[in-house]
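First chain A sits with chain B, and in the next complex the same chain sits with chain C.
The block that comes next holds the complex of A and B.
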């Protein structure tokens, strides 16, 4: 998969260059409706202009034509087109691959194969190309909304409810998604990335997901792992094979492999990781993680190196 | 009316005035605050609304300045969230609706041929509630507790768990308080339009603005209650911990969204319709011909009022509603274009009748047509579900809503300022500055908001304080911000003109625009009173079609009730449909009671915020006493007045055509809408969380039956009491009301409200019925006191006539509540 984050990539979050069947169907509708709306607008403005120029009264038929007949024709056409598009994109595919995504203030918990092996990851969603995928969407706290404009429209994640959305990515690449329902202080900083891979690449990715995290093999990495274990990080974060079970914060088993940090907001590198750990509350106000600004320089460097080695 | 307020204003200057001018004089100096005249109250609404508009506009400039570059640090996230929340809140609740109601309050009596609005003290009370409520909301900035959960306040983000502190309480309490102004104005406008038109002004001859305001008032009466109930439920959840919106306890966060948008969608039309009514009034003036297709326009407005209540779920397309529901709401949403299209074509065809004059108000009307049509078309796009899933909560929606609200409301409003300001001040605003204001606003508006359509389709969500660099939003946002400064410059020029015209503007002649409606009958020197005599009206444009009106000096025109021989404020009460005179309505003189009463409500609201619950209860008690003082006046039913040309008419009739009866029906409409909102909550929770139905205990069936029996007996008494005014009836009604309350309480005792959302909602439902019963009891006790003190004698039975329908509706609510309480254990609806 490409290592380059979508951050700074032009049009990585646009609905106008679709990369999924939902977005493609909607774009056709968008273009058709925009053209029709433009024509109707021009016609109405032409009527205003004519009315301004004319000196004799218009006939009541103009009212029937402009107020009833034309709108009814336009609306019936719109409803037919819209309903067909809706029928083709709104169907939830029961046989599709299921990925469960749960919204939290302000990150995304991702579980592959939730009814089977339940492989946990966070803030990055890997999907196979040309394959229906059903997202099972939940929330643990407030309402969030799951939106990857390039692939599909949005659907809300509502506490106490499960919403489902079937999408099919139509080309490979990396696309940006973002929470679209105002969810609190750091709502603008709640993004994620969707990586579309070939089917076989996807299969080998999920196969590797159940593996334990990469072992700490240098002195500094071992020190970093110890800091992680001793500073209370494990109360919220899990690393498979190192500290399992915690689900309050994002799973960190492959954190170093993600292209972005802090739920799709900063580029992943050791420097940003160290800054993040020491200064979460400044980078993402209101996040549930405290700033670990009491860590010593070497400890901070070590844990940042350790985390970025987890790929 | 209090004892003191019956007397006309005294003073050395006033003594020299003729009786009529003296009766209608506005008190001088600081005592002007006690005025309840519609001119004074209307201008207060308009000026206060304008100030809130400027504050909210300044917040918008802060928003645009923050977004001018990516990753900006001008505002931090918390401040930004407060700023956009308050921008929306102030614009929607404290600017748009109040200022339009202000224009309605000011203009309606003048257009309809009345000397004042029909319940002047209620209007004044509403204004003070609006002002105090608005100040409470604004004061949150001082306590660093400005609401930051969005103007839509979605649960669970707005619950105590995710929004601790007072910010959400400031919003809920302040806005609910300010909404009192909206609903009181709604009742007042309904009664004023139906009951105080000039002789001969049938509904078919009513100026079109009256129709627009009538429909708007009905929509407010039905549309605001869902939000009031939602706010009360949310505040109860925040303060008492009752779980209305908690899914783990049988609640649902979506219940809030349903209640909010049941209000929120009609709200948009409540804002649009009065502004469209202004356009429909101004446009014929500049064309010089009547509105084309008056009947079509009226039918369209009424239709729009109804349709607007069936569209709310299109704000919730992405919440995971079933596909069938989506399709139905999608189709219903598009249907509203038909009545809108009819109105737009009425306007266009009006212009076709003759060459219009291109004045400043006319420019703003053309701007309205251009912007609003475009906004309407993007609205139709949003009604398409698949498109909505992409565009919802993106900048596309931001663009759309500003097109319809600024195009549909702000442009007509500023046109209306240019048009009616001569009436307020006697001076004309500047044509030159008006043109500058228009072009800057028009260009700035499009630069700001047209680009947002593209920003939204490029994936930018709303309500984000910062956005990352380089993903396609940078330049669009910068241009939008620059556009907003141009727009703001246009608004500032208008504001400057509005201030400076007081000394720079030329004096306005009589009927300066050559308009056809009655408000221009007098020369606009703001005399403080409306009609020396109320003329008979034969046409929708009396000033065009009745030459005797403009040929004579205004104060010499022939009409009803010439002058005020007894020094009393009076106007003509008409038949609601035909407009023929039925009665004489006695109106109150200046009084401080409404202001003091509103002040007590404000004390109660502030005490609630500060958790001083005893103070809040005491202030609420003082409010009730205030209402009693207000209504403590000698009944004048049975007296007669010689009106001149229309003969002798009775004063304040006790009849189902009387203005107070119509006002009670309007009030009951609000009450029914409030009750229906709670009923909606009960049925909704029952439906989505059936497992919780009987988990919190079952109500006691015997007590339920007793409550219903007491309610039935009470209603029978209330109807019997209409025939004769025995004090015994009042006493029995009060006792039965108390008994029914007690029985309801006993019935609900086994149900623990903090255990499930449904149980909590049932308690609220019973509580609402108890409030209704309390009103009946209070009303009856008050009536006893009035009779004992000789304020109401034989045959003076307005309270009895009006109480009967109130009792009947309360009884029906009681029955509905009894069914909801008893049904689960009986296995009905199982």
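The block that comes next holds the complex of A and C.
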């Protein structure tokens, strides 16, 4: 995984430069529809031009050809094309690798292999290249929508329901996803990143996901871990090997290894982490986490360094 | 009119005419020793020098010692602005010109160049601000500002940008 996040990179979040089978189908359909619509428009304009000239054909078959047969053929062709494209995008592959993503206000809970090892992570989704992956999409609170424009179409995450979407990334890279259904005050700040890796890199990533968090090995990191344990962070956040079980907020076991902080919104570094902890409500209004502005300066620095060290 | 007054006017006139005559004769004779011409040439040269000095806008040429001492040798403000974004300074500070930098955890860096002290412990000078950015807790052990692993080159560029905010220019 590269260190640099996709923040501010235009080509990481566009369906015009596809990186997955769903986005490729959508792009082909868009181009086909646009070309067909342009041709029909030009044909209609030509007919209007003919009508303005006074040499009107005296045959009624023009009306039938232009007013009935041509639209029927064109619409049926476009409907068949779009139906097949949409059907192929919406197809759910039951044998594919499953990744469960649950939308929360305003972050994403990610569980790899939910029926087996159930490896938990958050806000960054790693998928193997050229391999079908079925996303099992849920919501914990309100309606969210899961959309990675470069890779596939979007699908809503409805509370109480499970929606599924099979995608297949066609090239390696780092792509941005965004919540596409208004879900509250910080809806625009609810993004994530999808990292497409080779199959063997993906396997070694998931193998490492069950490990416990890196140990605090300096005085400052130990102080940071103690602040994390004593200040109540563990009520919402889990760090494997340090504090287990809490699922109200994102799992922080490998928080420092993610490229972005706050659900894909800020670069992951000590500075942003410290600012985030001290004033979440300013950076992400309406988030469930309170601003920890009662920490002393050294405690704030220590916990920021500690979280940054978790890789 | 008394005879004494007539005599005084006559004598004065004769003397003045005599002096003028001598000076005229000297000037017409163009002697090597010419104090009048030298005096005229000197005053002309000095006058032109004075006019030229005013014309050269001497106020602008005066060194601005206050802003010059805040100049950062080798600092690139444009790169510094980019780095301020990448290091995440905006999570805690308002930094004019940096996108999204509107944090309220620490002080706003608007008009930073006008401040007298940094964090209340260092003077506001390029060297001190550079060292502060590299390792804040070294200078103020209770500060909430973490050491971000900033390199010296990066710190200089960021200081160069911060000193474009406000100041004497």
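Everything below uses one rule, namely that the second predicted complex is superposed on the first by the 281 of 311 C-alpha atoms of A that agree within 3 Å, B and C clash if a C-alpha of one lies under 4 Å from a C-alpha of the other, contacts with A are read in each partner's own complex, and residues count from 1 in each chain.
In this text, contacts are C-beta pairs under 8 Å (C-beta built on N, C-alpha and C of every residue); 3 or more make two chains touch, one makes a residue touch a chain.
Since this is a predicted model, take the numbers as computed values, not measurements.
Chemist: Quick check for you: in the superposed arrangement, does A:272 touch first (chain B), second (chain C), both or neither?
Modeler: So A:272 only meets chain C here.
Chemist: Which partner does A:248 contact after superposing on A: first (chain B), second (chain C), both, neither?
Modeler: A:248 sits against neither chain B nor chain C.
Chemist: Please indicate which partner A:235 is in contact with in the superposed arrangement: first for chain B, second for chain C, both, or neither.
Modeler: In the superposition, A:235 touches no partner, neither chain B nor chain C.
Chemist: Looking at A:42 after the superposition, I want to know if it touches chain B, chain C, both of them or none. Which is it: first, second, both, neither?
Modeler: It touches nothing on chain B or chain C.
Chemist: Considering only touches as defined above, state whether A:73 meets chain B (first), chain C (second), both or neither.
Modeler: Neither chain B nor chain C is touched by A:73.
Chemist: Report the partner of chain A that touches more of its residues: chain B or chain C.
Modeler: Tallying touched residues of chain A, the top partner is B.
Chemist: State the interface residues of chain A toward chain C in the complex, per the touch definition above.
Modeler: Going by the criterion above, the answer is residues 266-267, 269-276, 278-279, 282-283, 293, 295-298, 300-301, 304-305.
Chemist: So in the complex, which bits of chain A are touching chain B?
Modeler: Of all residues in chain A, those touching chain B are 6-16, 22-23, 25-26, 29-30, 33-34, 37, 40-41, 44-45, 47-48, 50-52, 54-58, 60, 62-63, 66-68, 70-72, 74-75, 78-79, 81-83, 85-87, 89-90, 105, 141-143, 145, 147, 149-150, 152-156, 158-161, 163-164, 176, 178-189, 191, 265, 285-286.
Chemist: Which positions of chain B touch chain A when the two form their complex?
Modeler: It is residues 76-78, 81, 148-150, 154, 156-157, 162, 247-248, 252-254, 289, 292-293, 296, 300, 318-320, 323, 326-327, 330-331, 334-335, 337-338, 341-346, 348-349, 351-356, 366, 369-370, 373-374, 377-378, 380-381, 383-390, 392-394, 457-472 of chain B that touch chain A.
Chemist: Hey, which residues of chain C end up touching chain A in the complex?
Modeler: Touch list, chain C to chain A: 86-92, 100, 102-105, 137, 141-149.
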